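Structure first, then comments.
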């Protein structure tokens, strides 16, 4: 993958995100404040959710409004397996990945022929059905309360922090690798003109299904770790607000880039926490800010990267089309 | 026997509210290709504006509802002109922008009115017995008002210049432009109508169901179900599907279990999306 | 010789849309190495024939075989991988991708990948095709920056990447200036020299006649005439289809 870093712009990007990630690893060195660590941990979760959303929806432009389905599903599976079978996380995470990956394939197959609006609606519907089912089948799912008492990942706060960070790092790197290769390009091409991709001999159905499957699987891993971290799972792990929030984070950051959702999730989670003193106006400012960003920067925050770099004369020629 | 009557009557009432919500939603989708996720917000604002006009400004209820609906309609036009116009071509951004606006509106309402559920009084107090089934006057009025509004909508669409222009745009935007129709105006007015209809529904339901800042979620989900089942872009289909859903939910609630009423709509939606995406009547606005 | 003559065989191809017969029992065949022109007035069904052959539309009945293998019922990408490629009546670029990436997409189809080229060699091939076709030098610019003529070249470039044996071009000259038209006519000849068989839909008859070996004319989905360009163009049925009979002229 390092061979892909041909242009100054790409090298700049790699250094930028590399430094941020490095910073994450050093946070506990400078502080063991519980609150601080948990804020970052929350950010890491949302990074996982938003980037996994992006690999399918951001590239294909099929707006997935029900991504939290995978979070909740993985969470409930984790709860069952942990509480009834006592399997360790290293076994549970792959199980969730597989389950969610298969579900992603299934949904991808069902929705193959659907255009944008229909697709958005059905992803919402699936997530909503799961949500309602979780509440309805309360003997198994604990109803509205959910299932508490999932065993924690490690026995220390710092241990948990690094566990989540490592998982997030792996997922982020994987997604960068995956999308910088052929599939990112083909997915983008599909979103711009599917007929031409077909006319090049590529089975677009397969490409979409595979991307959706990966999107689900990775989100499932995140969802499982999320459940462990909260030691609890409930319908709120699948609620519409969560799905929409993830989507908004990815859009604010810049969809179809993987790095965009990374930034979007990070910034919005930090903003959310830092503005706690604003109390009642917090959510209002948050949502207004989101509207403003989407309106003025439809390509997301990452699209400001080049103008900012140019302003600071950080080198690199003017933007590459489609990089 | 009484059960069937109850189901028919209450299903019809529910269907009326759904019909108002769905026709507005379908209208703007058919005309502008926009899936307006802020549609539920109009419903919510119809309720809250009516509340303020009635309780704070002391305006009697019937004109309050009308005025509220007009205000919401105007707000819808504003939304369209400011936020949606530059982005109309990209479905993606419209979806995200409208949902972000919906959340922002929820927050504003929450800050202004608080999270407690509130009600407005019935248009007319009292109830009447229809063949043994007790129905409130207000509920009957819902049916009557819905009928009037839908008929008026039909008249506007088929008899006025705006209406015919709207139909033209919904069939072929470029073609309509070619014959000189000002599509911008049609979009604006359709947005007004769409928001107006939703607001009326929200106001009418508020004596029965308390208004809360989260109330915009429900109409949106129902609108989805109705437009998919009825055929996205088909007004007649939406109306038919709205009543079908109303009856189906009422039936489920009475006969099977009240807990399942919410799931019914979702299952219906999923089934239709997977097996018959074009709905009952397919794609054109008619 | 059966092999050359049966290169592409269309036999009683039929497509009904509800009550409308878009293509009705159409039969023609293509020799290897030939250039066959498909002409007809607007709405004759020409693009529909292309869509049927290339799998973008399912046929109602009939047979289409390419080198003996049936094409009907297959998906578009499968047909491409058998050695057919096509362009479309309306250009279909990837507007936000660079020209280079526009062509590069085709590298990820099985047919190209089966050559086993490494990244360097693939890049070389892309540049080669871009030059052969005559695209602008700056391949980093987005496709949205291109004019109509260059976009047609881009579509052809992408089609060439899959190493087609049979290339179907749908109105490749439409909307082009005379200079651009000549460029593509030259390109078509050059491709044919290299051994590519071509089936071309085109309205610019004069240009088409310069390159076509044979022509098939259709209207209302049915074959009107087939033969050499001279024969077909002068065939009374074809003249009538394009211009109408003297009577209909009089009453118009």
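Which chain is which? They are A, B and C, in the order written, and residues in each are numbered from 1.
In this section, contacts are C-beta pairs under 8 Å (C-beta built on N, C-alpha and C of every residue); 3 or more make two chains touch, one makes a residue touch a chain.
Quick caveat, the model's predicted, so the values are computed rather than measured.
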| item | value |
| --- | --- |
| Chain contact graph, described as a line, ring, star, complete graph or other shape | line |
| Maximum centroid distance from chain C, chain identifier (CA atoms) | B |
| Averaged-CA centre spacing for the pair chain C and chain A, given as whole angstrom | 43 |
| Whole-Å gap between the CA centroids of chain A and chain B | 33 |
| Rounded Å distance, chain B centre to chain C centre (Cα mean) | 48 |
| Numbers and ranges of chain C residues touching at least 2 other chains | none |
| Residues of chain B engaged with two or more neighbouring chains | none |
| Contact set on chain C toward chain A in their complex | 54, 56, 75-77, 80-81, 85-88, 92-98, 101-102, 104-112, 140-142, 155, 158-159, 161-162 |
| For the chain A and chain B complex, residues of the former touching the latter | 61, 63, 65, 110-111, 113-114, 116-118, 120-122, 124-126, 128-129, 132-133, 136, 240, 244, 247-248, 251, 255, 280-281, 283-284, 286-288, 290-291, 294-295, 298 |
| Footprint of chain C on chain A - complex, ascending | 182, 185-186, 188-189, 192-193, 195-204, 320-322 |
| In the complex with chain A, residue positions of chain B that touch it | 29, 35, 83, 87, 90-93, 95-97, 99-101, 103-104, 107-108, 110-111, 217, 221, 224, 228, 232, 259-260, 262-263, 266-267, 269-270, 273-274, 277 |
